[in-house]
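Next come two complexes, and both contain chain A; in the first it sits with chain B, in the second with chain C.
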Partner chain A sequence: MIYVYAIIDRPTIPVPDIPGLEGTALDTLPYRDIGAVVSLSTMSKVPPIEANLWQHETAVEALMTDHSVLPVRFGTMFPDEAAVQAELSTHYTEFTAGLKRVRGYVELGLRVLWDNDSDLPLTPDQQLLPSPGSGRAYMLARLEEECKLQVRRERANALAEDIHTPLARLAAETTRQTLITPRLLLTAAYLVKREQVAAFRQEVEMLNSTYPRVRLLCTGPWPPFSFVAVTDEQ
Partner chain B sequence: MSQSVLKEKEVTLLDLLDRILDKGVVLRGDITISVVDVDLIYVGLKLLLTSVETVERMRVAAQSPVRMEGR
Partner chain C sequence: MSDEQQFVNSKLLFEQGNLDDFAAEMEQADSALPRRVNADPEGVERGLAKLVLTVIELLRQLLERQALKRVESGSLTDEEIERLGTTFQKLQARMEELKRVFGLEDEELNLNLGPLGDLL
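Right, the complex of A and B next:
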């Protein structure tokens, strides 16, 4: 089986001499001016254990030194070289556009955590509600509680916006989700020019001191996983 | 943060998982990760930030690997 790590530009530049999964060498299967970086696998299925996940990630990161890179989802395998070539040929236009889109950029991840979520609960607090002796009293209390929750959610969204906006200014593209869990105010990804990474981190530090009630955690630089959009839907 | 003092390493690992298993280019080749695998990874790591919603998202991703990504 052939395991695929990434789609790259400039396939004639040798891939880094680092081991891929199962310790096998990385190799490039070129197609026109792009290529797929692969390694041979004896397994029909790669276990998603931490060591393997990092191995995939390390390989993709190493490629970013000399190439524009479209990271491929972990665990993608093909039966033979011809199947990989066919894939490159079918999606050549999309891959080329994707490589151009992320050239010179890296992805930075951000998670913003509430430092004190008890101060701003986002789900109903059952203890605040009166015992349902009277249906009317219960409904009124419930309504009041809902209104409070609504206010808190709005405050949360406004805060997420205040944090996201200055960071988005340093990015070409962004993705974000607010309140995936009550504790996780903001989960975002930013496509940032490599030279801007330091400035981005500085901005994160600044926001950390500006908003003491939340904690910003920045990870990366990552390969641009969140900013590739190539599919096999056709 | 009450019971969840997250270490940077845990967040990094969570971010890696979110990317490597749920994002990136999807090719016609076999995605060899099953729903069970994905659930086990998340459960096994006992990550405090792992929500039911995340697991649900992963479940959907694993069931239909052929779809638009990253927008």
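Right, the complex of A and C next:
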């Protein structure tokens, strides 16, 4: 089987001499002016264990030194070289456009935790079970709670917007989700020019001191995982 | 320090507070909706129950919100509110029972209605 790490531009530049999964060498399968970086695998399915995930990530990151990179999702495999070539040919336009889009850019991740210390509930109170027969009391209690939740949601969205907006100004593209869990106020990814990473970090620091009730975690630089759509199901 | 730890540290551009707190929340976010049902012979029943109960819980919450909207707008009589309230109480009690039977915690059926919440 052939394991795929990434789609790259400039396939004639040799890929780094680092081991891929199962310790096998990385190789490039070129197609016109792009290529797929692969290694041979004896497995039909690579288990998603920590060591393998690191290996995949390390390989993709090493490629970023000399190439524009579209990272491929962990575990993507093809039966043979011809199948990889066919994939490159089918999606050639998509891949070249994607490579152009991410050239010179890296992904930065942001997670914002909200330490809710107000009197507003985080989630509907599941234990709210008044004595049987008081259906009306139940509905009114739920209504009151729902109003509080609504206020909290609105506050959360406003706060997430305040944090996201200045960072989005430093990014070409962004993705974001608000309140995936009651405490996870914001989960976002930013496609940032490599030279802008320091400025981005500074902005995060500033936001952190501006909003003492939230905690920020900024990670990267990563391959632009959130900003590419590479077909993976085979 | 292990290579992996070094790698992790090199990826932290800015952090405040305990990373475990972030990890715990992200784990919960990932498990909110099962992407795949665990099809191992031992886990399949619980996996399916989790999926089905998650959907039922979603519907229950949607219906309840719809009812609350109507209570708020004043379009229901006291008697209707009473009946609705009793129904939802019973539904909730039954859900608790099912969760207990399958050994599922509230967090495992954690639903983020997200933008859907705004649609209602």
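Keep in mind that, in the parts below, the second predicted complex is superposed on the first by the 215 of 234 C-alpha atoms of A that agree within 3 Å, B and C clash if a C-alpha of one lies under 4 Å from a C-alpha of the other, contacts with A are read in each partner's own complex, and residues count from 1 in each chain.
What we mean here is this: contacts are C-beta pairs under 8 Å (C-beta built on N, C-alpha and C of every residue); 3 or more make two chains touch, one makes a residue touch a chain.
Nothing here was measured: the structure is a model prediction, and the numbers come from that model.
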Quiz item: So, A:34: does it touch chain B (first), chain C (second), both, or neither?
Solution: neither
Quiz item: Which partner does A:217 reach: the first (chain B), the second (chain C), both, or neither?
Solution: both
Quiz item: First (chain B), second (chain C), both or neither: which does A:208 touch?
Solution: second
Practice problem: In the overlay, work out which of chain B or chain C sits against more residues of chain A. | Solution: B
Exercise. For A:46, select first, second, both or neither according to whether it touches chain B, chain C, the two together, or no partner.
Key: first
Exercise. Determine, under the contact definition given at the top, whether A:106 touches first (chain B), second (chain C), both, or neither.
Key: neither
Practice problem: Quick one: classify A:229 as touching chain B (first), chain C (second), both or neither. | Solution: first
Quiz item: So, does A:74 touch the first partner chain B, the second partner chain C, both, or neither?
Solution: first
Quiz item: With the two structures laid over each other on chain A, which partner does A:186 touch: chain B (first), chain C (second), both, or neither?
Solution: neither
Quiz item: Is A:146 in contact with chain B, with chain C, with both, or with neither (first, second, both, neither)?
Solution: second
Practice problem: Show which residues of chain A both chain B and chain C reach, each in its own complex. | Solution: 50, 54, 111, 113, 180-181, 183-184, 215, 217, 219-220, 222
Quiz item: Which chain B residues qualify as touching chain A in the complex?
Solution: 1-2, 4, 6, 8, 11-33, 37-38, 41, 48-49, 51, 53-54, 65-71
Practice problem: Enumerate the contact residues on chain C facing chain A in the complex. | Solution: 4, 7, 11-17, 19, 21-22, 25-26, 28-29, 32, 61, 64-65, 67-68, 71-72, 78, 81-89, 92-93, 96, 106, 110, 112, 114, 117
Quiz item: How about chain A: which of its residues touch chain B in the complex?
Solution: 4, 6-7, 44-48, 50, 53-54, 56-57, 70-78, 83-84, 87, 90, 98, 107, 109, 111, 113-118, 175, 180-181, 183-184, 215, 217, 219-220, 222-223, 225-233
Exercise. Spell out the residues on chain A that touch chain C in their complex, using ranges where they run on.
Key: 50, 54, 58, 108, 111, 113, 124, 126, 129-130, 132-140, 142-143, 146, 153, 177-181, 183-184, 187, 197, 200-201, 204-205, 208, 215-220, 222
